[in-house]
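Next come the structures, one after another.
Both complexes shown next keep subunit A, but they swap its partner, so subunit B is in the first and subunit C is in the second.
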Partner chain A sequence: MSDLATTTPPVRRSSGLLGFLIRRSPLAVLLVGIFLVAAIFGPWLAPHSMTDTNLSAALQGPSSTYWLGTDPLGRDVLSRLLGSAQVAAQAFLIVVLIGGVFGTALGLLAGGLGGLLDLVVSRVVEVLQGFPTILVAIVIVALFDPSLTNAMIAVGLAAIPDFARVSRSVAIQLRDREFIQAARGLGAGEIRILWSEVLPNMIGPLIVIASFDGAQAVLWEASLSFLGMGVQPPAPSFGSMLREAQGYLAIQPVFAIIVGVAVSGVILGLNLLGDAISDYLDRGGK
Partner chain B sequence: MNGREGWGRMNRAQFLRLFGGAAAAAAVAGPFGFVGTARAQAGGDFVIGISSDINTLDPQMSPNDVFRHTIRSTVFEALVFINPDTLQADPLLADSWEISADGLTVTFKLKSGVTWHNGAPFTAADVVYSIKRVQDAAVGSPFAPQLVAVTNVEATDDQTVVLTLANTVPGILSNIAVIQIVNEATIGTITTAPVGTGPFKFVNWAPGDHIRVEAYAEHRSAPKVGAIEWRIVPDSQARLAGMQDGTLQMVMLAEGKDVVQAQAAGIEVIQTKPYNLYENFNINTTRAPFNDKRVRQALAHAFDRESYAKTVWFGFARATINPVPPEMETYLPDSASLYPYDPDKATALLAEAGFTKDNPLKMEILTPQGFDTLKSMALLLQDSLNRLGHNVTVRELEVTVWLDRFLTNPDFDITTDNFNTGPEDPASMFNSPNLAPATNVNLWNPPGYAELVAQAGAEIDRDKRIALYHQLQQLILDEMPQITVNHLPLFFLGTEAAKALVIGPSGIDDYTKIAL
Partner chain C sequence: MIRYLLGRVVGGLITLFCVTGLAFFATALAPGNPAAVLLGNMATPERIEAITRQLGLDQPLPIRYGIWLRETLLGNLGTSNVSFKPVADLLAAAAFPTIQLALTSLIVAVVIAIPLGLVLAQNRNRWWSRPASSLITIGISVPGFWVGLMLIVLFSVTLRLLPSAGYVPPTKDVLGNIRSLVLPVTTLAIYLIPSLVRFVRVTAISVLREDYVDTARAKGTAPAAILLRHVAPNTLVTTITYIGLQLGVLISGAVVVELIFSIPGLGRLGLNAVLNRDYPVVQGVVLMAATGYVAVNLLIDLTYALIDPRVRAR
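Moving on, here comes the complex of A and B:
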């Protein structure tokens, strides 16, 4: 029977994933849950406008009006954090889309078809990997304009190698397995096999990569916005808020602490979740 | 599955680095901030933190250096120095001067025995060359308007320079005080290895990192410190930390929040008169719709400068709409409070100019990086106008890019800026790069303005002079080529030794008295 288990396409089912994650890492589920709710429903949940200034209420601590206090221009910190979550989620999506689509396609073709194509793709991926992400991001932002999209395209390019490497190694492992040979025997073309047989079997590892690369993207977005190269004012971002808070450390430390905790929570949650999903897949979804 | 393992490890390590919040961004900011520039210092160095770099070493071409107080104040000298206490001219390269009875000739007697840093003697020919160079349209010096009345300059002997003026200029010494004297023989290398007569010799400039000068032992008032190094530390919190850990002896041009935090940390705060500087919005008055004065007036009504002074500057700034401070006898009475914050008035004026919620005003506000208060100004104006239904964006630009879009190749709607109020004499202000006829940064020059500025500058009768300057102020307050927001002192954070710095009113300081 064990033979049969290895020859059956190891398609992983998602049933029980949430239950597993809650048991395995309740903190991750809680943190990512808050992040997702903030990112999706932020505009409706925000008690105040994200951009409306009110100098008479600048740099206040938490109060019943401003639950998490106000920034130096009197804008509501909670509302701006909700907006930042949305920006972070956009960063997550852009990076995972760019990295996922291009990286997976490259890795799948290279690993599945092998030969010269594999050689070329592998070297190109290695070269891509050689560039420090921040450098690529700075170059792209300098060439074009600082914006969330440009910054995240740069980070997305940097994510391509990760997806490519993983999808390539999975494709290599799978390409000579019995079910693939069976498909080949039935007359399916190589591209068709890659698309309908190999790709579905690497969804699991790709989800793990996506969760880690996405967490990374949130971090890069914050870093670039901290440096003024990401989201442009007055739109909020975790990075630009940290930057503002940092200038007032001795005057209103609560501001910096709240923003710092929020950023840390999101990154911590996404990383823990990635680990937990990884464990789930390692155990074959049990 | 190697890839995944690798990823897991990498991310956990990265995550650990980040844990604690700001560490993430700080780790990235490190190379750009203080961490990257801090290094052990040699004895005798006076190290000063500045927020952004200068853009040239040429003292006649660097309006930016006026705010950085670096090369112009140390490597080079002018004929006279405006003493911040007396507001009179003190001798510098000129030993004495005489203004003729008709006010049209100024004769400077130069100090003898002065040498350039390369050992060559300093003579009257250098002064003639320097003044002509500033006036040369091909050179394009931003200080040219200061010399607009000078029709001739000649050396009658090695120690005597005679200026001929087209009309009387009561503030001529204030104007001369900002014209640094350069060396003709080494002019070819002025942007890489400037040679001056000042108390400090140029050592090196590592753009984006530091500017260094060393004491010039042959100078007649030999400096007491061995060297001065200005370090570019863009982050205000890092500058404060540098003051606290002793890597910096002084921080130039601190903002309100830095002053509050420095005071709490027991760091000495040095401040000049309360009107040394003003912050403002410069407007491109040649670009539609900003060529319509109603739009410019509306912008003035849309900015709450009282709240801005009180909150962003922690009360250290004094709100005003008039760049001429009340301390000057030429000040137009009660003008500081004109154009109060009034969104309804702004809406009405914009509606007259054709801009309503249905046809919103589109505009981009530029603001230079490293100036947090200016960024706040931009954000506040943006928010105010957007709340009235308009469409305003803010673009924060790296300083050299900003200078290019603002000054070199004007391509802007409106920008935040700060500017030296200048010496007490308003003639200097109306010939400054912000307001000088024909050459001002607002590109604003209505018919008759140049004549009025010249007439006011030449008037000797006190009452008539005041009346003319009142007329000029009424003109700029009606036309609103720039929106002045406040008057400010310059704030310097420093050690006890730093208190010996003599801060001049027009961006030129005396560093020779500082001793460690």
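Moving on, here comes the complex of A and C:
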């Protein structure tokens, strides 16, 4: 991770990135591709309603009408999975936005300016890192209401240390490189240098973190919704579907298996994508 | 050494202070006057005012936080809004199942993951090294609670070998206690193992590149002996720190596992309290879990200093 910055030249367009990813990890591209299509076009692709119940068709296995079967209220599992993908994508965006904006800003300032600020930020990050996300979620949900946004704010807060750590280490490595000194010599202020010279050079490592933390966001959305602290019924979500499935494991285990495979596929795709992008940056984009 | 430990203790206290503050304000800002809740249908405006003053609720927030902190330190955590039992009693009853579940799972995970990681590092150039890594990535990606559901399908529904829910205290029936914990512990261990294996593997590979390993190899030491005598101890030191960082994951995982298998632990207590808006209990659970987290991390730092002379010398 530490040599990412030095192998990424100041200006690089990711022209061959997609080609590299397809060669390096076709499974990642496939899984993330399906996830994106489901998240964006889900409502149009869904063959049935996501929320209309039909008790006479409850807990069916896969059939030609219901490709992936039905849930305990007779709703189409495929349609609800498409809706869940959209919820997972929202979770991804909220977490990466909170973690990315606050974490990067903190790390950038701490690493770039150094001094007391760096000391304080580093200590805070060290203390916060690894703190049980579930406790933060419990406090936030107890204060406000169980909802996707509130649950994901807790997960986003937990993502701040990851972004702060990476952006800080890149900022420190770049701080005294020639092109930064040149900018300083031209009279640019420190904050301006951080914004227009240092920040663009850490986009690569930040994308890698976004991919891994995005995978974590999807996992956490499922976990918190499973616990009843996230998405509320009747809205679909991977977690709330698994919660419904738990009560019927003895009658229709296929329901739980299908939902679990779907959510695992999304998380696996994002993790593999993170690995592949990291490889791409390590090789200097070749 | 003293400075190192002092720094850790101060860091831990800061964390606790922040968390207790957060837990306090979560309750203080919550809607509803606790005095009115306490009085129930005996509430009159005069009585509410009297109790409000008696509880110190008319004071500014920082002073109330001070009062709360003092009461907490004295072990007075208040009463549940739902069951009207003292929060301290509820916590005491729920702590044992959680600690038993978390500790057993952690031990199982460590005992499996460390040798596995070392072996994978030693054989990193074999043909099966790549599929093994892919398996770890898959393990990291699969949600732990889904693994739990699948274990229920396999061992409870299909094979009818183990109970799918419930907890038997060891004081009542030792064998029943073990049987009731097999699936929860397996679930939580499977959740912890992949990332631990990956960490041990990466750390051990970097240790294998150290000069002293080359020296040992040059002396003709057998690969297995190098792994046990040189690589394993050095990997272990770093791994202990990593386990400290994973503690949050363990706590979060335990909450989910308690819910799946209906184990009456802290996680289920806290979760039900959140959904019932039972603020004193939420506060107590957050306080207890955060204190446990900080205390164990401190213990790990201490162990770290004791087994690694390089830290002690600092």
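Criterion: the second predicted complex is superposed on the first by the 274 of 286 C-alpha atoms of A that agree within 3 Å, B and C clash if a C-alpha of one lies under 4 Å from a C-alpha of the other, contacts with A are read in each partner's own complex, and residues count from 1 in each chain.
Heads up, the rule we're going with is that contacts are C-beta pairs under 8 Å (C-beta built on N, C-alpha and C of every residue); 3 or more make two chains touch, one makes a residue touch a chain.
Keep in mind that what you see is a predicted model, and the values were worked out from it rather than measured.
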Would you mind checking whether subunit B and subunit C clash or fit side by side on subunit A after the superposition? clash
For A:Arg184, select first, second, both or neither according to whether it touches subunit B, subunit C, the two together, or no partner. neither
Which of the two partners, first being subunit B and second being subunit C, lies in contact with A:Tyr248: first, second, both, or neither? first
Once the structures are superposed on A, label A:Arg24 by its partner contacts, choosing first (subunit B), second (subunit C), both or neither. neither
Answer with first, second, both or neither: which of subunit B and subunit C does A:Pro233 touch in the superposed model? first
Who does A:Pro132 touch here: subunit B (first), subunit C (second), both, or neither? second
Touching partner for A:Leu55 - first (subunit B), second (subunit C), both, neither: first
After superposition on the shared chain, which partner residues are touched by A:Ala222: those of subunit B (first), subunit C (second), both, or neither? both
Comparing subunit B against subunit C, which has contacts with more of the residues in subunit A? B
Given the touch rule stated above, what does A:Asp275 touch, subunit B (first), subunit C (second), both, or neither? both
Of the two partner chains, subunit B (first) and subunit C (second), which one does A:Gly74 touch, if any: first, second, both, or neither? first
Clash with subunit B, by subunit C stretch, listed 164-172, 200-208 or 236-244: 164-172
Give me the intersection of subunit A's contacts with subunit B and its contacts with subunit C, in residue numbers. 134, 215, 219, 222-223, 226-228, 242, 245-246, 249-250, 256-257, 259-260, 263-264, 267-268, 271, 275
Flag every residue of subunit A that touches subunit C in the complex, lowest number first. 123, 126-127, 129-135, 138-139, 141-143, 146, 215, 219, 222-223, 226-229, 242, 245-246, 249-250, 253, 256-257, 259-260, 263-264, 267-268, 271-272, 275
Per the touch rule above, subunit B residues touching subunit A in the complex are 1-4, 7-8, 11-12, 14-15, 18-22, 24-25, 28-29, 32, 235-237, 257, 260-261, 264-265, 304, 307-308, 310-312, 369, 372, 375-376, 378-380, 382-384, 386-387, 393-396
Residues of subunit A defined as touching subunit B within the complex: 51-53, 55-56, 58, 72-74, 134, 162, 165-166, 169, 205, 208-209, 212, 215-216, 219, 222-223, 226-228, 232-234, 239, 242-243, 245-251, 256-257, 259-261, 263-264, 267-268, 271, 274-275, 278
Which residues of subunit C touch subunit A once you look at their complex with the stated criterion? 11, 14-15, 19, 22-23, 26, 29-30, 137-138, 140-146, 149-150, 152-153, 156-157, 164, 244-249, 251-252, 255-256, 259-260, 267, 270-271, 273-275, 277, 279, 282, 285-286, 289-290, 293
